[in-house]
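Order as written gives the chain letters A, B, C and D; numbering starts at 1 within each chain.
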C-alpha cells in the first residue's frame, strides 16, 4: 500500500515541525493534538485537523506519534477514541517519541495483531533539526516496515540508522540521552569549577576542543552557557523522564549504570528547584545558585 | 638565559617519549628516574643520566618533571637531593605532571623565591601524542615564563593553550579529566546496555557519531571496547588519582560536582576489583563481571 | 457492618502468616493466591480457598491484599475476575502491600465509588513479626475506616500508627525502607572496611551499639553478616522495588533524595549480580566479590 | 611511670571540656591551644597554659591532642616547637582527634622511636558527652599503653572499647561517622518527603521508633529538625573532613563505599551552600532551600 496520507499526533516542539515538513514534501497530512489550539495553528498550512486519534487512524495510510511520555502515548493508542480502535491491516505506525521499550513492544503486539506495521523511530537533533528536516532517526522494526517508512523518514530527517528489531531504536535513544546528560554535566562542572577558581572558562572550552575528546556539542552548549542562553531545546523535565526510563530499562536488563543514575538524581534536583521546563543547560544553575557563583563571573 | 640543556625527571609512558623528543629537536638532555633502569634505556639516544634530581638541577638550564602523583613530585622537588637543593636563579621549571593545584603553588613559592620561573603544563593526548610530539599542553604561569618555555613546548606538543596564572593549567586539566571519565563511563554504559538488550552495540556508536554529541574519542574507545583492547593508554589508578584531586579541588572551591564524584566511586570500584593498572577502558569490565555479560557478546 | 469473614489475597512470606493469624483470632478466612498451591497449604487450617479475587470480594465482609508489587495489585484489583468486579458497598479493603501511593489512590477512587472503605496499611517487622503477630502497621485512610479495621490490625500486628489520609501509610513506609537500606549499607561498609583493614569487625559493632546511634537493627544484621546467614527476611528484589517507588515518589514531590538514589543503584548492582532473591544483607557480598575480601576473614 | 601531670592540646568544643574533666578528676593539667585565648579561659580552673606544644611535652607525663584535622595535628606534633622536639622515653601520647590512619601511624613511628607510647583514641558522644565525661572512646595501641591510659580515659569518658593495634580506633571511628551521616541523611529525606507529601513528619518518626531499626539518634535529631534547632554539636565541615578521610581510607584498602561516597558529596553541597560551620542536622536545609519546602511546614 503506497503511503500518501500521513497522520501526525503530538505537536510539541518537535512534532509540529515534523508535521510541517511532511506537508512540504508533498504528503497529505492530518494532525491531532491534545491541546487543539496547537493543531489549529498548522491548519493554515493546508493540514487537516482531526477531532480524535481514532479519526486519524481511520483516515490515513500511516500515522506517526511524537508525544512527551509513556502515559500520553498509551492513552493516545489504547484509550477511548484511541488509534487502536480504528487502525486496520496494511497501515504503518511510526512512533517518534522517546518512551519505554516496554510500551513500544506493547504497541507492536496490539497493532501487529491487527496487521499494522509498527516502527519505533526516536530522533535526535533538537528543535533545530526538526525545523530543518535534518534529524537523525534511530529505528527499530522489520525490514519491510523500514522500507515502507523511508519516504516519511526522508521528509523529516537526513540520516536513518536501523538499529534492529522493534524497540531497538528506543534502546539506542535512551542510552544516547544518558550520554548527552553525562557530557553536559561534566562539561558544566568544568566550566563552573575553573571559573570559580579564577580561570577563564573559555580556556577550558578551548582545551576540550583541542583534545581528542572534543565534540560539536561542547561548542553548542559552551556558547549557550557563557551567554546564559537557556532557551529550551530539550527540557529538564523531558531529560529527567528519559533518564528515568534509561535507569528503569537498565534495571530490567540487570545492568549497573552509575553515570545514568547520578545524572537522574542531578536532574531530580533541578526539577526540585522548579526548573523542569528550562533547557537542560540550566541544570548547572542549580549548582550556581547553591554556591553563589556564576560561570564566567 | 637561553635554554640549551634540559633536564627531564620522570620517565613513565609519557615522560620517556617527551624526553626523547626533546633530544630529537636538538636539546642537550639529562634525565633522572626513580627506577634507574628506565633512565638507562634512554642513554643510548645520547641522553645523559643523572644520579639525583639535585644533579639535574645543578647541570641544566631548565628542568621538566612528569611524574605520577603528588608525593612523587613533592619528594623529587623538596626531598633529600631534591631539585630545590641545587636550583638557581634564572632557571626554568616546567611541571608536566597532573598534580594538585596546591602543590603547583607550593613549587611556585619555593622555587620562585630562588629566582626560578615555574610553569605548570599538564598535557593531554596519551602515549600516542607523547610519541608523536602532538600533545596538547595547557599551561599556567607568567607571560615571561611562557615565552621562555615555548621551544620546549614545541618539541613535545603541537598546541599550547595558556590558561592563566600558575596553577591554571592544572585546574583546566583536572576538569578535563573529569569530562573524559564521564564521557567514557556513559558511553560504556550505552554499549553494555544495548548489547545486553540484544541490540548491536555498533549501532549505538553509529548513532552517537551521527549526532551533535559525536566525538573522536568515541571512535577511539568504541573500537578498543569492541575489540577488547585494554592496552594501557591511561591507567585506572592514574584517573582515580586525578578524579580524587578534582573532587578535592572542587571541595576547596565549594563547588558541587556530582558527575566527578560518581566517576571517582566508579574508579574506586575498578581499583577494588584489582584493575588499577589497566586502561580506563577496562572500567566497564567490572560491570561486565558483575552482570555476566560482555559488550558485543 | 460487623466484620466476621475476611478475605486475604497474596500469600507470600508475609501474607501466609498474616492470614493464619486472622484465622487463629477467630475470623472466618477465605484466601486466594496466584499460585494456588500456596493457598491450598493453608486449607488445612480451616481456611477456605477461593478460585478468583472476585470470589473473595463476593463472599467476605472485608478483604486484605499483601502482594509483591504494583502490577500484581493492579491486576488483582482491576483485572479480569478482579476484586472490583464483585466488591459492594459497606465492605472494607485493607492493602498491606508496599506499592505506589498512586496505586493506593487509584484503589481509593475506584472502590470508594462503590461504597467500599479503603485503607493502606503497609507493615514492618519482616516474616518474624508476621509469624508472631507483632507487626507494626502504618495506616492511611478515614477515621471511620480505621475504626472498622482495628480488629483485623490487632490480629496481625501489635502496633498501629495512623499516619493520615489514604496513602499516608504508604508514604511513611517507603521513606522507612529508604532508611533501612541506608542504615544497612553504611553499616555493611563499616564492617567490610574495618575487616579489610585488619580490625575485628565485632569491635565496630560494639562501638556502634555503645553509641547514641545504636539500633537493635545492627545487632540483628550484624549477627547475620558475621555468621553469613543470608536467609531471606526481605529480598533484594523487593527492596529495589521499594527504593524505585521511593525515588519515583520523591521525584513527583520534587524532593531530592541523594541517599535513596545511591541505595537504589547499589541494589541495582546486586540484582545485576544475580542476587535479587537473596536477603538485603547480601548486598555487601557484591562488594566482597569485587574486592576479594569477606567480612570477618 | 605513674601519670600525674597531663598535657592537653586542642581546646575546641570537645577538648576544652575534656581538659576541664581531667583537672576535676585530680590530674595536674597543662594546656595549649593555637588561639591562646581559648587556653587562657581555662586558666581560672587551676590549669596551666603552655606557650608551645614543645613546652607541654617537656613538662608532662602524658599529653593528649584533640584537634580538627590532619594538618593541625601534623604541625602540632612535627612542626617547629612541636611535641616531637621535647618528647622523651616513658611518656604517653593519646590522640583523641579524628584524623587519618596514616597520620596516626606516622605518630606511632616517630614518637615510638623515642620511647613514647602512642594511642589513638577518637571519641563519640558530641559536646554533651565531653561535658559530662560520658564519651565513648575507641582505642588503638598496645595492651601496655592501654593500661597506662586507663585513668585518663576514665576521667573523660564512660566506656572504652579497645579496637586493636595502633590506628584501629581511628579505623572504627571513621566507619562510625559514615554510618551517622547515612542515618541522618536518609532520616532527613524521610522527614522532608513525608512533610512535602502532606503527612505529619512526626508520624514518620513514630513509625521509625516503633520499628526494629529505631535508634536514640532519631529522637535526638528528629526533635532538633522539627524544632529547627541547628546549634552545632558536630559541624558539617568536620563531618565532611571525616567522610573525606573515610572515602580515602576505603580507596587505600580497595573497598567500594557507595553510601559514604554519596554522603561526602551531599556534605560537599552543604559546604558549597556556605553552611560548613552549621550542625550536620542542617544538611537537609540545602534540600529545603532548593525545593522551597520546610520540614513540618
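The definition used in the following text is that a residue touches a chain if its C-beta (ideal position, glycine included) is under 8 Å from a C-beta of that chain, and two chains touch if they have at least 3 such contacts.
Note that this is a predicted model, so its numbers are computed, not measured.
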>> With contacts counted as defined, which of the two, B-D or B-C, has more C-beta pairs across the interface?
In response: B-D
>> If I list every residue number at the interface of chain C and chain D, are over half of them used by both copies, so same, or under half, so different?
In response: same
>> Measuring between Cα centroids, what's the chain most distant from chain C?
In response: B
> Just curious, how far off is chain D from chain B if you go by their C-alpha centres, in Å?
Replying inline: 37
> In whole angstrom, how far does the Cα centroid of chain B sit from the Cα centroid of chain C?
Replying inline: 51
>> Where in chain C do residues touch two or more of the other chains?
In response: 250, 254-258, 261, 265, 269, 272, 274, 287, 290-291
> Which chain C residues qualify as touching chain D in the complex?
Replying inline: 101, 124-126, 136, 138, 159, 161-165, 167-168, 171-176, 178-183, 185-187, 189-194, 196-200, 203-204, 206-208, 210-217, 220, 246, 249-250, 253-263, 265-266, 287, 290-291, 293
> In the complex of these two chains, what residues of chain A are touching chain D?
Replying inline: 269, 272-274, 286-287, 289-292
>> Touching residues of chain A toward chain C in the complex: what are they?
In response: 240, 244, 247-248, 250-251, 254-258, 261, 264-265, 268-269, 271-272, 274
